[in-house]
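The following blocks contain the structures, represented as structure tokens.
Next, two complexes with subunit A in common: one pairs it with subunit B, the other with subunit C.
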Partner chain A sequence: MNYFISRVLYLLVVFVVAVSGIFVLVNNMPGDPAYGLAVSIAQQRNVPLDRALEIARNIMGIDPNESLLTRYGKFMSNLFKGNFGYSAFYNTSVNEIISRSLPWTIFVISLATFFSFIVGIFLGAFAAQKRGTVIEWIISTLSSIIQAVPPFILAVLILFAFSVSLKVLPLGGAYPVDVEPSFSFKFISKIFLHALGPMLATAIPQIASWTLAMRGNTSQIMEEDFIRFAEIRGLRDSVIARKYIRNNAVLPLVASLAIGVGYMLGGHTLVESIFNYPGIGFYFSKAIAARDFGLLTGLFTLIVIGVIAATFIADFVYALIDPRVKLK
Partner chain B sequence: MGLIIKVENLKAVYLVREGTIKAADGISFDVEENSVTAIVGESASGKSTIIEAMTRTLPLNGRLLEGRVLYRQKDLLALNKEELRKIKWKQIALVPQAAQQSLNPTMRVIDHFKDTVEAHGINWSRQELIQHASEKLKMVRLNPEAVLYAYPLQLSGGMKQRVLIALALLLEPEVLILDEPTSALDVLTQSYIIQLLKELKKSLNITLIFVTHDIAVAAELADKIAVIYAGNIVEYNSVFEIFKNPLHPYTKGLMSSIMAINADMSKIKPIPGDPPSLLTPPSGCRFHPRCEHVMEICKKEKPPLLTLEDGAQVACHLYGQGGR
Partner chain C sequence: MINESMVNFYFDYIQPLLKNKKSLIGLIILLIYIFMATVGAAVVPLDMNSNFAERYQKPSLKHPFGTDYFGVDIFQQIVHGSRAVISLTMLASLLAVLIGAVVGVARGYLEGIAGKIIDTIIMVFLVIPSFPALLILAAIFMDKDLNLFEIALLVAIWLWAPLAKQISAQVLSIKNKEFIEASRMLNMPLSYILFSDITKLLIPYIFINFVMQIKGAMEFSVGLMFLGLAKFDPTHWGIMLNYALYQAGALYTAKGFHYVFFVVLNIVLLIYGGVLLSQGIEEVFNPRLRGNE
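Entry: the complex of A and B
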């Protein structure tokens, strides 16, 4: 329990430092954060730009005479109240955008990661058990090559092959515009079809890296004395492979699994914008393009929360499954 | 009492980047039922290789070249994997030297007992398992309640060593092979283990073979001692004879290098020179560069293991062709 409290405090400090860093960075970016909104207001309501700027600042809650410190205080207190700020470009609260986009991103990332983890574990363990054979060489070489391909290049390739040339996958969106969301089989199958492209682009490089990590861990574990001692005791190969090799080789990967999901929240940006998939990354790239500082700060903060939460979960999952950590 | 194990011309090497390490170079010896045999030699003389080759548990870079290991007329080296697996531990148990890392770090001690029992098709209930395991743990002076549910990291080195011995006794094997059973232990635990092995020898129908570099331990426990030098058995005889009347010049050197508590320091003589590299062993008799009785033939011909009239076995040209 002591460990739990110290961990929470530690991560809270990390959170405040990271979010403050974001605040300072974004506030020192050139340009007026209200400018974008002001331009659209000026056009819509036909008012002079000066007046539009005032209105825009009002909507966004910005007082140009406020000091940076006051603004920082406001920003932090809003954050702790659960208010992520205001998006000038979309003219709505960041919370609204998050609630609309986060489920899609989590859907894609978690399925892709889960799937690639399972596949990678089995491929890696298989490769390690075939040590020194052509099979191992093929698996490792292919994995090394695939791992080196950035997801966004893969995304472009997948989009071009399946959506443009073969026309079997849709070009964008989370579901077709002409279908009403419902709990029907048709709608749910459409959701999966639309998510397939981003999922593949995310999963394929991940499969390669899980495979390589698992192969490395497994061959290391296979040389341990306790494997030999299990053989000496006459245990069946299948029991040794499962209880002695795989369980010990997977342990460190489970921790990276949770951390990986956290990092992917931010790393998914390019894949989502290529597939026009309305997740966090999609809005993130829009925020950058439109200089929407409010949305940018809000999404940045969300990513920080994601990484921290993932670290926290990884710690506890690890402690839960590994007696060596649990007992310390 | 008949023979239980007969090792014939066992040859094993290790493949390393620099070449092949000839760690067992034609080892032959017989082990009688319910006897205690000690395999004695310096570090890196190939002692462990012998027992690992006998049980086909050599490390990954180890290769068995030739030889036979007859266990009750069955050649262990010719059995298929599944036949051998069934004999391992149930009939022949081997406690390796690396006791510190020999338990799965993510499994409780009791699960090691459980896996071992299940591997040999024994259907014990949980209660029976706990009962049998506790009995064996008590034999090695461990507290079953404290140890059974512990993870390996919660045990000290000596405790782990004793858990391995308890595990080895679980299925009451006919042959128990121990690799340096006492070297990782403090003096007190060492004497516990020696005491335990002595009791085992008396109470159970068990044949013990153990490897040690500690000739005092060998003297205390063994009926027969095989002296190993650079991958060869140089002498094989009863403990009594080996101490009273060592035949091989190396054994003689070994005996005169032992320090007794009341020894006259001036009589302790180290063996001159260093043990040879097993990568490029000397020609002929591997001991010849260090031997004070070296002859011309020693440099050319490897001496065979001769059986003398009184049953002593020695590999030395001094005793060949009516010598001595």
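Entry: the complex of A and C
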């Protein structure tokens, strides 16, 4: 229990330092967040740009004389009350945008995690069983080649292959604009169809790394003495494969599952903006383009919370399933 | 003396790598690209003038990789771009390894508050996802002309943390060995213990990690260029890919397929070389992975 509390406190410190760093970074970006709005005000109301900038700043609640430190203090105190800030570009609270976009991100990432883990475990175990054959060679070579494809290139290639050339996948969005959201089969199938592209782009590199990890674990365990002993005892091969080898090989991977999710969160940002899929990453790239500092800081903070939570869970899952690891 | 240690280094570290199939192939791929960047770039001319009569030519003897949207030879651009790609990747990997080694050794050896602070710094860089951070950094530096070193540093900042964590674990396991105790008894300065006693033991490990950084360094630097956020050499493959996909829209026409194909092929092949070499290194130096081969 003591370990639990000290770990939480430690991660809290890490969180505050990380978020402060992000805050400074974002606020050092060039560009005036009020500029875009000011230009349109100047055109519509026919006022000089200086005046329009003033109006825009007023609307967005930006005080040019406010120091970075004051803004930082406000942001932090809001954050601990659960308020992620204000988006100037969308003219609404960041919490509103999070509640709109986070479900899509969680949806796609859970699909990708589930899919890649199952497929990777299966392929890795299969490859280890077929050790020294052509099948093993094909599986491990393919996995290595996939690892060499940068995830954003993979995403672009999937988009162009399936959405532009073959036209079997949609070009963007979470569901078609002309379909009313409902619990009908048609709507739900559309949701899965739209999620398929981003899901594959996130899952395929993960499949490759799960496959390689599972193959490595399995072949290591196959060398262990207790496997030889089980063979000598005359246990059936299928029992040894299932109970002795597979279970022991999967355990350490389950622990790194959470780490994998944390890793995916970062990469998925880019995938969503490439696919125009309206999750966190999509709004993140919009916020960069519009220099919406509030939205940018808020969303980045959310992503960091996700990664920290994943790290935390991974620690505990590891200790739970592996009795050799004791929390001190 | 020096010769002898060189020979030992060869037999201990280089020869086993040449005997492993994966690391040999990986090494050959990397050497081909290094050859391309050094000799190739000096021999192959580069003509960036647009020639609309020859746009989107299919690969032929005259244009081995065909021509692009402006009728410029793609092979020439790839060869000249390899200089920027390889120097950036190597420099970024090197910087990442240096930062990771220094921070990792310091974290492993120092105790108390100092150790805790370094530990927190490492953790902060582990929990901030690199791609979103790179996007913001790139926007900050978009209007500035960064040189090779600065871009490499920008990439390396997001690569060193996992390495620092591994190295600190290694240091923790050797810091209470007798010979370090002896140095401490002799009142040797801290810098001697850190950099002479400890780091010397870790050099092979650090060298291996340099190779493992290649994949990440390549991915990040190509990503930065591909997103069009850092201005650099126009023949850098990441910028070429950005051009092919977004400026020229090469994938919207059937004629432009080879343009994207050859750029992606070279990017993936170079990273694949790095992946194979590091897989080979792992097999050679981690006997548990070798199995009964």
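Going forward, the second predicted complex is superposed on the first by the 285 of 328 C-alpha atoms of A that agree within 3 Å, B and C clash if a C-alpha of one lies under 4 Å from a C-alpha of the other, contacts with A are read in each partner's own complex, and residues count from 1 in each chain.
Here is the rule we use: contacts are C-beta pairs under 8 Å (C-beta built on N, C-alpha and C of every residue); 3 or more make two chains touch, one makes a residue touch a chain.
Source: prediction; values computed, not measured.
Participant: Once the two structures are overlaid on subunit A, check if subunit B and subunit C clash or fit side by side.
Facilitator: Subunit B and subunit C fit side by side in the superposed model.
Participant: Would you check which partner chain A:226 touches, where first means subunit B only, second means subunit C only, and both and neither mean what they say?
Facilitator: It touches subunit B, and subunit C stays clear.
Participant: Scan A:97 for contacts with subunit B and subunit C and give back first, second, both or neither.
Facilitator: A:97 contacts neither subunit B nor subunit C.
Participant: Look at the residues of subunit A and decide whether subunit B or subunit C touches more of them.
Facilitator: Looking at subunit A, the partner in contact with more of its residues is C.
Participant: In the overlay, answer first, second, both or neither for which of subunit B and subunit C A:247 touches.
Facilitator: first
Participant: For the overlay on chain A, what angle lies at subunit A between subunit B and subunit C, C-alpha centres, nearest 10°?
Facilitator: Between the subunit B and subunit C centres, as viewed from subunit A, the angle is 70 degrees.
Participant: Go through the superposed model and pick first if A:165 touches only subunit B, second if only subunit C, both, or neither.
Facilitator: Touch partner of A:165: subunit C, not subunit B.
Participant: Give one of first, second, both or neither to describe whether A:235 is in contact with subunit B, with subunit C, with both, or with none.
Facilitator: Once the two structures are laid over each other on A, A:235 reaches subunit B alone.
Participant: Name the contact category of A:196: first (subunit B only), second (subunit C only), both, or neither.
Facilitator: Neither subunit B nor subunit C is touched by A:196.
Participant: Could you look at A:311 and tell me whether it touches subunit B, subunit C, both or neither (first, second, both, neither)?
Facilitator: second
Participant: Using only C-alpha atoms, work out how near subunit B sits to subunit C after the chain A superposition, in angstrom.
Facilitator: 6
Participant: Counting contacts the way the document defines them, which residues of subunit A are shared by the two interfaces, the one with subunit B and the one with subunit C?
Facilitator: In subunit A, positions 223 sit in both the subunit B and subunit C interfaces.
Participant: Note which residues of subunit A are touching subunit C in the complex, please.
Facilitator: My answer: residues 10-11, 13-15, 17-18, 21-22, 25-26, 28-30, 131, 144-145, 147-153, 156-157, 160, 164-165, 216, 219-220, 222-223, 262-263, 265-267, 269-270, 284-285, 288, 296, 300, 303-304, 307-308, 311.
Participant: Touching subunit A in the complex: which residues of subunit C?
Facilitator: 120-121, 123-124, 126-133, 135-137, 139-140, 142-143, 215, 218-219, 222-223, 226-227, 241, 245, 251-252, 264, 267-269, 271-272, 274-276, 279, 288-289, 291-292
Participant: For the complex, which residues does subunit A have touching subunit B?
Facilitator: Interface residues on the subunit A side: 223-226, 228-236, 239, 243-244, 247-248, 251, 322-324, 327.
Participant: List the residues on subunit B that touch subunit A in their complex, please.
Facilitator: 55, 57, 59-60, 85-90, 93-94, 96, 98, 100-108, 115-116, 118-120, 151, 153-154, 164, 167
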